[in-house]
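Take this structure first; my questions come after.
For clarity, chains are labelled A, B and C in written order, and residue numbers in each chain start from 1.
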């Protein structure tokens, strides 16, 4: 049984435009199915605006999913009561992209790290203090630094504090939404290594959302590629990176620098811009930019099919 | 931070005025040269002199001493009104901004209604309904002042409500009450706090106005507005009776204004 | 077309506000301490007599019934009877409001002809002497109790110098012009009666200046800050750079855009002036709504106080509607959105 099983998840937002109130529906997540195994990492890649962040928030029910099923340890969590959801939140946590926006600037690190314990009534004052100090040691903070405010730390330190906060409740699953994109490259690896260490130590599962293909390759076991709210390709990391099937994945990967001077570059340049998710193209939503597109692509919505063993893609031409 | 305050001479001036008022209020019995209410018909309507710095009124009360004691009344009004209106307005504004939807609609429509009464009109009619007294004026002013904080706080809540640290708190399972008081409000009250410091002055001004038309402090209270109201009777004989209480009000409002503006510049350097 | 739709929408939005105002004023009326029946019958009333009067006045009905009655009264133009003047409050309001409207309009006129140019000059001479002076004046204007300024002006121009009248709307013995608008200056002009116009105008000066003092400060500050923003914009710098004459740039290009926020503030300034008129009229014995309200307060004439409150709130809403409409016509962006 996978730790997390998402089936046909949809997250639609309705926005009102202008005085007249013309409603537009943005299909941020439009029928996503995926699974995450215990102790493994699923990477989610895609351009900004493809719905990968909405997917993460939807799974945690930070926004209510429009449709679909989310099973955690085999138990359906869509529609459960606020009380049950609170219990579930101990097991699934989130790490955010912007370490400057994700920590309340008016609380000390101690208060920030204590919050999850207080919310879930864990331990007494002394036990909480021990837990926090233990946690802060793991992320390389000294005890004295706990009474500092977030602005007194560097971006990397802040992100580690954000990770520590997510770890405080000892969750099974962490959704990491672009956790290193806002950091300097030199700091990125520190944070990634921290995440990998914690994963080994606690048998954690990650859903690692990023637009950075190299980072995803480094940390993931499995990768899902998203385009306009849909998963277009999903497979083990080696399969996706070595033998990509979907033309979109190929285009993305062809832009990746390869540290091999003998490698002959075969770049696929994507034409045009990402279409607006409020008015997506018909048929295969990628057809407007796809080098392989044919007439059928405008009409047929390609299903996500197993093209090779364990390698799924949504394209009628491959 | 302190250095930046002292770089602006107007803010320093405001600070000094406010400090002066605080000192006058705290040490009124020491500073005042006479009793604020004692009638002395022998020395009535005396022009300003060494004995009576600001002259005397029609029953010989020392105007300087009355003004000094008046700081206590005015400060109490300003502080109490703001201390009632500020938390009420802040909490409602935070609830409206954070919850959104129906609750937001209802709260904001109510503030709209309160704000559709101009100036001191609403306070006047509430005070008139409750009956003339200084306590009722305070109640009336608090009842008309809170919507301003509601508006200010709501708009700053809207600007932070989607911040990631608030989402993080929700992801941890915090209840709305905790999110509101630990995450939302502490990060959105700065502009309202500045407004409150400006309002200390404006509340005092409004209370003086209500006393002037007979709604607030009643004679022989040394409230500045009531003193001005009283001075109308002796305007021809005693210009000093009309002049000095007004200067006291002006300086007080100015002081809190300058201080508030200074705080504003401090927190938002772009404004300059 | 669009303008009509815009105004229609604004009128619709007014309805809930008006209902809210009526609920609020009704609630305030109901907080009056004491029993109105006892107030009328006095201390010697018998319990039976009190009960009968209460029943008769509808005080025993549930609140919502009383509110319904109150609303239907307002609907028929009935705001109750003034206990002091013994006339219907509506009649009194009609009689006193032209004086207040005249005074407030005059004050707004002064506010605009002083506030806007001073704001522009202040912005164009930022941090120079003229700017410093204007800023200090504006600051003092905002912080000053208007009724106190009124007393000082009265003291100086009326009592000391005797150059301006200090109370009322006309010289003693002069009879008001034929009633058209109720505003003496306008009516005198319409009747072509110059001596009455002169007298009415002279009487307006002191209370007008007093009332304008606060709003001039507001408008000057707003004009200044709005102009400062505009003057830093690229197209104004371009205009200066290509050598356009300063006044043309200031008043032709910059003011057109800089005036926008000032217009939105105008409604608020008008409200301020309306509120301020209560106090200023008391100083100058100006026989308007303010004077009427203050008298009503002193005689515990509650229907009159509520009448003035409601009327001024409604006037304020109408002024804001006018300001919004004005804004709609001036700002081309709104027309096309």
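Going forward, contacts are C-beta pairs under 8 Å (C-beta built on N, C-alpha and C of every residue); 3 or more make two chains touch, one makes a residue touch a chain.
For clarity, every value in this text was computed on a predicted model and none was experimentally measured.
Across the assembly, the chain pair joined by the most C-beta contact pairs is B-C. Ranked by how close its mean Cα position lies to the mean of all protein Cα atoms, the top chain is B. The chain with its C-alpha centre at the largest distance from the centre of chain B is A. One inter-chain figure worth recording: chain A and chain B are separated by 50 Å, centre to centre, where each centre is the mean of the chain's CA atoms.
Centroids built from CA atoms put chain C at 58 Å from chain A. Taking each chain's centre as the average of its CA atoms, chain B and chain C sit 22 Å apart. Residues 109-110, 112-114, 116-122, 124-126, 128-132, 201, 205, 208-209, 212-215, 225, 228, 231-232, 235-236, 239, 242-243, 245-246, 249-250, 253-254, 257-258 of chain B are the ones touching chain C in the complex.
Put simply, chain C touches chain B in their complex at residues 16-17, 20-21, 23-25, 28-29, 31-33, 139-140, 142-145, 147-149, 151-152, 154-155, 159, 270-272, 274-276, 278-279, 282-283, 293-294, 296-298, 302, 305-306, 308-309, 312-313, 316-317. Within the complex formed with chain B, the chain A residues making contact are 57, 60, 62, 85-86, 89-90, 93-94, 96-98, 101-107, 115-116, 119-120, 162, 165, 169. Touching chain A in their complex are the following residues of chain B: 163-165, 167-175, 178, 182-183, 186-187.
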